[in-house]
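Each structure below appears as structure tokens.
In the two assemblies presented below, chain A is common to both, partnered first by chain B and then by chain C.
Moving on to the complex of A and B:
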């Protein structure tokens, strides 16, 4: 720990250190890029993974927070930078250091109006082009007359405005062409069977070959992070189920962990077991749904029904214990909402006995099929370096050989007490991503097997005060959701409402990588790439 | 075995006895046309129902079960829905071609439908180049699909139509060559004679290895010709929504839908005619009493039974396999099926020359 501080201090004497969860360093805006390069490339630091990029409005200044992690050493550092210019806030982009920053900076530009120098694309991403004001600034006027419900559809910009720094250090406005005038652009989405939601890809084609993909998000942007700022902490929990609805338990687990960390609440052992089991059940159900939809996208409609048939069994378990099949609202601060249903253990055991047989059937029906293999093998190749740079975590990252499982790297729940393998593949293609998920189902079954009979007796939750106030500070916590590392950042000013909540979703990173993976492939490959990445749209748009 | 030509001759004689020849012919043409159209619609409705049920059972579902007993009236209800739906007129389409396209597609499948021998003596178009005629008219359909895609002014439709064009033209080769194999074996192109030649055993058995290979290739290529899964790229739902017929509505869409199912019937029927003896009962040369028992089963049942088996196999393909990609599809045709077909043709020629068949 001290080493990181010393190294940063000697590289950048003007850096200011703060106490907190991790080493936190504030640096002037114009030094961020140099520091970023240093942090990534220094042999002892190797901060090659940008886990979270958050925009902030600190009142007198606007800024960003970088949560950096090293995939080699697994140490963390938080870098903060800010600008006091609220009229025309400019910061330097780190998109060339960590590619995932490119899309996150667009989000920050949307919400805070901060423009990033050298980011080639400063279009709106979630909001409309004619949106007035910057909704996440604290002085934002929510009067509906300023932004009335529009009756006309938004224009898509083919030319992106951006800010560039010239060689002699001058900063000037510039334009960046996304699509040429004579490009044959077709729209995949927003209403399209293969995007699994209202996601919109604009695809430039050369015959059947993809020249470029421009993802267009925001069709179901609900401003969940903004809503959280006016809700009490227990209320914010309910919104997490509505992000990635296929990892509802995992998302909520992350937020609960983050709040419990801040309050330093110790969760009863029984609650930890239940949470872990629920997370794994959720993962199985999500991966089953992935299998179903992947088969459907590749044209095997029958397989789709088999997957859904088996997923029902898990939803039945959820329904008994949580009272709902989709938005379960189960985890709560200090434990879980209710104790498990008396049938829970019996049903889980039935599921454990049933799933291996079902998986064998799946492999016979689909995995072994020549057509399926031809459609997936060698398609959408993602290298390990790119996976880290684009922050492609979860099964998609592990298929590229990156050991990015949060359950292994920083165990939470009772993951340190169970024995399971982290499924790693090195091929990096669509088939590897598919196989990682299929094998993870078996690993999850294995985890459940170890836990189902050992749930300790005791309370399922600790009693919390009706009004929860978090001590001042910035808190960040990650869990392994079904499609990658799901991070929660809470900035608290010591009040009963959070000052800023940020959900760093794995989905946004996955969408960011689609262009890289699908270029020079056929249009049909875009479908298999999308299916193998398994993004969920509410998770992207938030 | 009942010969349907008794009925047709009776009608013919009846008409000739009360009116001059030209009038009688005119009335007969109209009668045949109406009968064909009716059969066409009824078969399509039955097929839609069957496909739904088959697909449902593959997918652990029940399929239609509300309208009528076991949902049998469902497809008729759907037909009425299709008939009374509004034809949505779309801006910026090439109106003439847009309206022409469904008719071309349905005309092509009608014409090939007329070539089928449904039962002994129940055969509309039968002349010395029958199978050649069938091939020729069935390839008109691709023109309709291309026109539909082109005139829709929709990028999905256009890509779907182009795929369809490439696919159908390629697989036409395989179909043609595998039919050619059988024609060499039968020594005739007249459909009735091809059926007659299978009196002592179906070509699938008498032609043994090359006939078997030709049948497999024919089934693969036939599935591709009808744009059904796993070769349903032109209307690949998860890529191109509905492909070339995305913009069509009401009865215009209905025509495409109808033609699609009828093409399935036609492909299966041609397979039955070429390899399984059409309406010819299962005969084994020499076993006279066995053959006579087989003859008691009406020829139309034989025909429909064989077509049914073929259709079931094609449906089985569709509901099991994932979809191919366009380059894989073309590779399969040009690199595997076509060379195999040519070799197979050569083997068949040698077998016929040296009389190595049964």
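Moving on to the complex of A and C:
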């Protein structure tokens, strides 16, 4: 660890170090870009994965926090930078170092009004163009009359405003063309059955060939992160279930872990087992839903009924133990809400016995089908380098050969006690992403098999005080949700409310990569690509 | 839910009982019987509740038993829009337009806490406190998310509402129902 500190210190003498969960370094805004390049390219550091990018309002200054991870060494560093200019806050973009930053910077621009120099696209992404104020700033006026409910559709900009630094170091306003005047642009969404929710793509076509895709999000932006700032820690939990409702347990697990880390609470062994099993059940149910909808998008409607039929078996297990089919609200700080139902183990065993047969049937029905293969093989190719640069984690990243499974890299729960394979494929196309998910169902079954009979006796939760105060500091935790690495950042000022909560969702990175994957493909392939990425829109928009 | 409870708000049928002409009344009954058993929903979902809506359409709960299974992707072919999920500011004009594009007679079912009142996100700066603020709602189905059974109960209430409508004899079209914002303005 000292090594990282020394290296950064010698590269950038003005860097200020702080103690924290990971090595934290604050740097002046104009040095960020140079440091970013150094951190990524130095042979001993190799911070090639930007796990999280958070905007911050520290009162007298606005800034950002970068959570960087190295895929080679799996070490972490946190970089902070800020500006005190609140009228026209400008920071430097790192979009050319980590491509995922491009869309995250647009998000921060929306919420904090910080503009990023050299980011080619500083349009709004979540909020409307006529939105007044920056909602995540601490001095935002929530009076609903300032931003009444609009009844007219938003205007879509073809020309993006941006800020550029010229060669001689001057900073000037500039414009960047997204769509040319004579581009043939069609809209897909926000109300379209194949976008899996309210996502909006603007697609420029040349005949049938896609020239460019411009995703437009925010149609389900619920402001969850901002809401968390006025909720106590136990209250924030219930919102995580509604982010990516198909990874409800996993998301909540992440937030609980993050809070437990900060409080240094040790969760009882029994709770860890239950949490891990619930996570895996969730993963199976999510992948079954993926299979159903993916097949439905590609025209196989029967599959939809098969997948939902089998998913119901898992929902029954959830309902018995947690009391709900969706939005279970089961994990809690220090354990789980209630003990497992007496039927739980029996039901899980039934499921374990049933699923392999069902999967075989799925493969007979759909996977081998010529049409399915032709629509997925060789479509939407993503290289490993791009996957890392765009932070495409989860099954989609693993289909490109990136070993990005958080369960393996930083085990939590009881993942270090079970034996399971990380499914890796190297083709990087839609079919690989499909197959990774199908195989992961089997791995999850395998994990459940090892755990179901070994749940230790004991408490299912440690008793916590009703008012929880986190010690001052920044905490970050990742888990492997069904769609990829789901991160939670909490900045605490030692009060009972968090100062800032950020959920870094896998979905936003997936949407960011759609343009790259679908260029030069046919318009119909956009559907296969979207289906194979399997994003959940409320997870993107938060 | 018990059978007796299901019948408790019989006033819907009573609304029409007075002063209906026998001949057109019978015609109404026939048409309404047909309409209420072939309600075509729009495939519209924004978030969590939408997944339960999909579950309701799948094999276990089987919407087709009630004639709701013909989900349409185009609002012009749909009879009922089930608002399943949170509606936020940016989505509001889109939802309004979808509603406007539907042909009369049309109905709105608000499914889940979010569509009813904003639900868990009531205090957010970007969430509508119920779809009622922009479109008129016929049936509210509470829950977060409502179970498919609850959704069916709501849809059956809508069927009853339709069965009590007078198609002939009175006016041929429903009057545009005011939304909350419009009423407040007056």
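Basically, the second predicted complex is superposed on the first by the 542 of 542 C-alpha atoms of A that agree within 3 Å, B and C clash if a C-alpha of one lies under 4 Å from a C-alpha of the other, contacts with A are read in each partner's own complex, and residues count from 1 in each chain.
To be clear about the criterion, a residue touches a chain if its C-beta (ideal position, glycine included) is under 8 Å from a C-beta of that chain, and two chains touch if they have at least 3 such contacts.
Here the structure is a predicted model, which means the values were calculated and not measured.
**Student:** Clash or fit: chain B against chain C, after overlaying the two structures on chain A?
**Tutor:** fit
**Student:** Output check: A:245 vs chain B and chain C. Expected answer is one of first, second, both, neither. What do you get?
**Tutor:** A:245: touches chain C, not chain B.
**Student:** Should A:73 be classified as contacting the first partner (chain B), the second (chain C), both, or neither?
**Tutor:** A:73: touches no partner chain.
**Student:** Is A:354 touching anything from chain B or chain C once the two structures are fitted on A? First, second, both or neither.
**Tutor:** neither
**Student:** Could you look at A:193 and tell me whether it touches chain B, chain C, both or neither (first, second, both, neither)?
**Tutor:** Both partners, chain B and chain C.
**Student:** One more residue to check, A:17. First (chain B), second (chain C), both or neither?
**Tutor:** In the superposed model, A:17 contacts neither chain B nor chain C.
**Student:** As a test of reading the superposition: which chain, chain B or chain C, is in touch with more residues of chain A?
**Tutor:** Touching more of chain A: C.
**Student:** If we overlay the two complexes on their shared chain A, which of chain B and chain C does A:309 touch? Say first, second, both or neither.
**Tutor:** In the superposition, A:309 contacts both chain B and chain C.
**Student:** State whether A:152 touches chain B only (first), chain C only (second), both chains, or neither.
**Tutor:** Second partner only.
**Student:** Could you work out the angle between chain B and chain C as seen from chain A, using CA centres and rounding to the nearest 10 degrees?
**Tutor:** Given the fit on chain A C-alpha atoms, the answer is 50 degrees.
**Student:** In Å, how small is the closest CA gap from chain B to chain C once the two complexes are overlaid?
**Tutor:** 5
**Student:** Does any part of chain A touch chain B in one structure and chain C in the other, and if so which residues?
**Tutor:** After superposing on chain A, chain A residues 192-193, 304-305, 309 contact both chain B and chain C.
**Student:** Quick check: in the complex, which residue numbers of chain A touch chain B?
**Tutor:** 184, 186, 188, 192-194, 205, 208, 295-302, 304-306, 309, 365-366, 369, 371-372, 374-375, 522-527
**Student:** Which residues, counting only chain B, touch chain A once they are in their complex?
**Tutor:** 55, 58-61, 155-156, 159, 163, 229-230, 232-233, 236-239, 241, 319-328
**Student:** Of all residues in chain A, which touch chain C in the complex?
**Tutor:** Contacts found on chain A: 126-128, 135, 140, 142, 147, 149-154, 190-193, 197-198, 218-224, 226-227, 230, 238-239, 242, 245-246, 289, 304-305, 308-309, 311-312, 315, 325-327, 537-538.
**Student:** For the complex, give me every residue of chain C touching chain A.
**Tutor:** Of all residues in chain C, those touching chain A are 43-48, 50-52, 54-55, 58-60, 73, 75, 85-86, 88-94, 96-98, 120-121, 123-128, 133-134, 144-145, 147, 181.
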